[in-house]
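Two complexes are shown next, each including chain A; its partner changes from chain B in the first to chain C in the second.
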Partner chain A sequence: MILASSVFDFTPTAQDWLRILPELIVLGAALLVLLADLAIPAKGRGWLALVGLLGVVAAAVVTAGMWISGDGLTAFNGMIASDKAALFADLVILFAAALGLLFSPGYVERQGIRQHGEYYTLLLLAALGMMLMASAASLLIVFAGLEVLSLALYILSAFIVARPRSQEAGMKYFILSSFASAFLLYGMALTYGATGATALTAIHDFVARHAAPTGDFRPLLLAGLGLMAVGFCFKVSAVPFQAWTPDVYVGAPTSITAFMSVGTKVAAFVALARVFMVALGPVAAAWSPVLWAVAVLTMIGGNLYAVTQRDVKRMLAYSSVANAGYMLVAVVTGTQQALAALLIYLAAYATMNLGAFGVVLALERSDGLGTVLEDFNGLARRRRGLAAVLAVCLLALAGIPPTVGFAGKFAVFYAAIAGGRLELAIIGVLTSVLGMFYYLRVIWAMYFVEPQPARPAPAFVVAPAAPPASASAAASSSTGGVAVAEPRIATTVRADPAAVSVAETPHVVYPGTWLALALALIATIALGILPGALVDLATQAAQSLLR
Partner chain B sequence: MTAQQLAFFVLAFVAVASALGVILFRNAVYSMLSLIVNLLSLALFFLSLQAIFVATIQVLIYAGAVMVLFLFVVTMLAPEADTNVSGSDRLRWQWVATAGLAVILAGGLILAVANGAVAQDAKAAGPNSLAAQVTKVGNVQAFGLALFHGFSFPFEVTSVLLVIAVMGAVVLSRRFSGRERE
Partner chain C sequence: MPLNAYLIVGALLFTIGAAGVLVRRNPLVMFMSIELMLNAVNLSFMAFAHFLDSVDGWMFVFLVLTVAAAEVVVGLAIIVAIFRTRREIDVDELNTLKG
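And then the complex of A and B:
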């Protein structure tokens, strides 16, 4: 086993710290929020989101600065990269974190979450883990970053203590995801055993020198690849490892779902690209058939599952599975162009998915219901703004020009055809057409279906007795800047049909949510009309990673 | 068969048998005990690879501290000595699928070992190799130097992980009384 000469006497320099400055700022903001939580009185806890937001914006500014003037080298003895691919991923993750923070105060208040400080701290630490994973230049950091983000997200998924579905989501995510992490770690250990290195560049050199020329893939390396593929496919929720996705996405607080559906995908896919497309690129013949099959299964399975869903939140969860399939197409193609397409698709997915989940979040009631398809009937008349945002985001997810969703799909399928994966492009286009059905169905419901006057309570309602109106009014008036004036509707026992009124709740949408929705909407449309800048950035990022 | 090979096979048998015991015993305390046996046999594996420090840590932390914690929790959760897992398996067909996949995996791994899976390059010992460093400064020192120099960054990231774990324990176990909010 040859270790880099400096393993036993490496000392970090100022340069090392400068190269991870965005991560350090996010960590600092997280710890600051945790401390500020003690100092700020309970009323003003909405300000904690602002503290976190300032940290995220500062980190994004620094990231942009590093894009322009950074040296793009690795830091800490080749552990973590600061190349443009890392910075690109950081920016998308920070965008998701910023929108997640903007969505949170109103939603957190409405759902009765009390531990605000821990909530925002964990959200920021999850973002930190995502950034670490996306910047990893060593298998160790891939795993450490993954664990940081996963552990934070397990807790955040279970954050609504009063809602059993949230607890269930946290537990399911924890057990299944830990299991997948074990697969990933085992795969990394075997890969280390086969190649003698954990640094991605050293693994690349080893397989390029030994395995690739002879075509003799050692069984140990193959086993390692297989186990790592299982771990990664679980994290990006690819079929057949998708079973956890709908339950966790539906049960978790929607602000967290919006953030993690994007952030985890970015982190996991960039890490997947680093490990498979770049480091193990020379032995692509060994792993691409496996990921080819997974990509096909994911595109078909994700879309078929999504078609059958009645709950829009659950539909979006399966849509995230389907989108993972399109991203896997880019990974399987494996060219530099495909890597750029993957990054474009990730950025596109971030904007449109955050917007779509943001609208669902704004409509969700305090009992966690109100997201079934019937609830969207005639929404355009009641909530013109929300309906418009959701319509644009769903059109983007369906891949209709001139939205960013079209740019992403076009880039991926074009790269697949150029890279000689015509069959994947064809399957992708066909399943996208299938996908249009369930996206457009929601738009149809919002704009062309009359709302039913009084929908009978769904049989599965297990809503805890809502607090009396006076208590909730007191709660909302005492939240300071947090403008949540939601007249909660007492969902009483089902035996009394007269009292069952589950009509829509005219709760006010918090200004931060509007701001976040506006940002997502502008990004979705602007990047769709003028995708040149995004394509340019993604191409530069891809060039920094895959030559 | 050399003494080392003999030791390996004995240890391997114990490790696999105790690992099976962990998942097959219906009594949780028995599972715990066979997990201890499993961890101890892993420690002996490390010892046979002359990784003295890792073997010591394995015994101290896993077989010692962590398992004591496990046993405490198990016995606390089941004070009436009723630690048996009861009820029938609702997904019996999974046994068949698992067995089939396990055979395939085991076959692949046996093939890997039989083919001499580790390339010679990976084991080559240069002037900067771990082996050279161990002979130069000693086992524990080499480990410590690598941990706090070359691998200091993952080490620091782990500390973030521990912060999150502590916060998770606080968040998920804390219960609010009615009026604590304001």
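And then the complex of A and C:
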């Protein structure tokens, strides 16, 4: 067997390294945090977040500079793209990472996490993986970026080691996500076999020349497409592959949930757009019916599940499933306008979702509870600022103008209609109306419902095999009845504090959290009132990717 | 041997692995099944690389092997952490989160 030796002649130049400078800066910051962790005394570990934040800001500045003066070419022999779509995704991911870092110090301290250095390093490495995945110009880098981000997030999900819910989140995420990775990888292998290439441009050229004109898709290519679609649908948590999402989002530390709910969506959707909308665009007839069905299922299923949730964190998890459905509408539409709409939606989702999770994080107690709907009753009176931020972010998620959520939904549905997918736009609008119900329910609770004093915590945490502690029992019975149930819970879920709510004094919200919430709030409103700049950037990014 | 022979073996291994993940309830065994799936992918990649005479597939195999090794580290660490608090690791017992 003779291997083509010319492939190995490639030597990286300075230009190659410049094109991945944002990624390199984030990597440098991650390693610096790991080193600084050794030097900084235990009391000052909160400063590590600042080191990470400086790295993220520096990377964002460099990304903005590359937007203005970069050449937009690929680095390392066509492996990593530095086009405007990659830079746009990088900026959104860095925004999410910055807010995640700002949320972290106060939250990490309250939850009793002691390994600050590892925490911040892994957070930055996850951001690095997301940026790589969004910049991938080859299936190889899609996979490499995906695994860098996933491996970091498995650990971060399970980071509160002593808490069974966190362990469980890590375990479920690990098993299901690796399972999905295997499908994605098998799909990549078959696509490689069918097209003879792993570079996305080469795959595009092959299918445009051989498969698209004849309409004769070889079974190998079809199987590859299908398996890749399954893998991606797992990663973006589309119905029917969404099962892991709520459990992981609820069990993981909330600062991580806020960051990963946004970051992985951006990375996975931009990679999905690169692989399906761009590289496999010529054979859209082969994959768009499948993704059409998944998009419809996801919009309907995600919203229906979300309506039934009592825990706001879990409701937000299902809301992220529903939002994945709207993003899939843009992918299925497949036009350049739809790609721009997808990017607008991703940016919109980032601001409003980070804000909403940020408020939940600020309210969460040190035992990880205190996020059910009842806990939000009368919140506007106790925590006026937090309630106002959450109200705006939920209105944005519901798609009400003049927030950025409306701009995102408008862009996606408008692109769908213009691209001849009227039915998807109609289903999207109808399910959005359904979505308003569960978003507005929280706002209603915060502003118009009287708080019930000393109400026991809900059934959500209650351990298996402990039927006496169901919600109704806990609510109707006096403290005596609850006390009976408590030891039994304690035996099944040893490390978890009692399922019964202990009246905890309201904790202070840290300045960093306030700063992050303010940033999310400003972005949600400002981009909603003046979406022109965002639309302009997203359109440029879409033009760089899909011509 | 023809390409199809390798591909059929790969598909069989992948199916066995996928079935293992779905059927078995012990995380260690599920984890081994995932490794089997990854190796089925590796086999397919190598077969394609050989018959297409291209190096891309070989590069992929190295990457997959590296990732699989890293996954072992993370996965076993999580399993050990769970075992320390619960003394058992059946996935059916991981049911604190639901709804």
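Keep in mind that, in the parts below, the second predicted complex is superposed on the first by the 492 of 547 C-alpha atoms of A that agree within 3 Å, B and C clash if a C-alpha of one lies under 4 Å from a C-alpha of the other, contacts with A are read in each partner's own complex, and residues count from 1 in each chain.
The working rule: contacts are C-beta pairs under 8 Å (C-beta built on N, C-alpha and C of every residue); 3 or more make two chains touch, one makes a residue touch a chain.
Values in this document were obtained by computation on a predicted structure and should not be read as measured data.
Asker: With both complexes overlaid on chain A, does A:188 touch chain B (first), chain C (second), both or neither?
Answerer: second
Asker: Examine A:289 and indicate which partner it touches, taking first as chain B and second as chain C; both and neither are also allowed.
Answerer: neither
Asker: Counting only touches as set out at the top, which of chain B and chain C does A:140 meet: first, second, both, neither?
Answerer: both
Asker: Of the partners chain B and chain C, which touch A:196 in the superposed model: first, second, both, neither?
Answerer: both
Asker: Touch check for A:158: first (chain B), second (chain C), both, or neither?
Answerer: It touches chain B and chain C both.
Asker: After lining up the shared chain so the two structures overlap, which partner does A:532 touch, if you call chain B first and chain C second: first, second, both or neither?
Answerer: Neither partner.
Asker: Taking the superposition as given, does A:114 touch the first partner, chain B, the second, chain C, both, or neither?
Answerer: So A:114 only meets chain B here.
Asker: Thinking of the overlay built on chain A, is A:247 touched by chain B (first), by chain C (second), by both, or by neither?
Answerer: second
Asker: Classify the contacts of A:311 with the two partner chains as first (chain B alone), second (chain C alone), both, or neither.
Answerer: Touch partner of A:311: chain C, not chain B.
Asker: Residues on chain A in contact with chain B in one complex and with chain C in the other?
Answerer: On chain A, the residues that contact chain B in one structure and chain C in the other are 1-4, 7-8, 140, 144, 147, 151, 154-155, 158, 161, 170, 193, 196.
Asker: For chain C, which residues count as touching chain A in their complex?
Answerer: For this pair, the touching residues of chain C are 7, 10, 14, 17-18, 21, 27, 30-31, 34, 37-38, 40-41, 44-45, 47-48, 50, 52-60, 63-64, 67, 70-71, 74-75, 77-79, 81-82, 85-86, 91, 93-99.
Asker: Which residues of chain A touch chain C once you look at their complex with the stated criterion?
Answerer: Against chain C, chain A makes touches at 1-4, 7-8, 139-140, 143-144, 147, 151, 154-155, 158, 161-162, 164-165, 167-172, 174-175, 178-179, 182, 185-186, 188-190, 192-193, 196-199, 246-247, 250-251, 308-311, 314, 460-461, 463-464, 493-496.
Asker: Once bound in the complex, which stretches of chain A touch chain B?
Answerer: 1-12, 27, 34, 42-43, 75-77, 79-80, 114-115, 118, 121-122, 125, 128-129, 132, 138, 140-141, 144-145, 147-148, 151-152, 154-155, 158-159, 161, 170, 193-196, 206, 209-210, 218-223, 478
Asker: Would you pull the chain B residues touching chain A in the complex into a rising list?
Answerer: Against chain A, chain B makes touches at 108-109, 111-112, 115, 117-119, 121-126, 128-131, 133, 142, 145-146, 149-154, 157-158, 160-161, 163-165, 167-168, 170-172, 174-176, 180-182.
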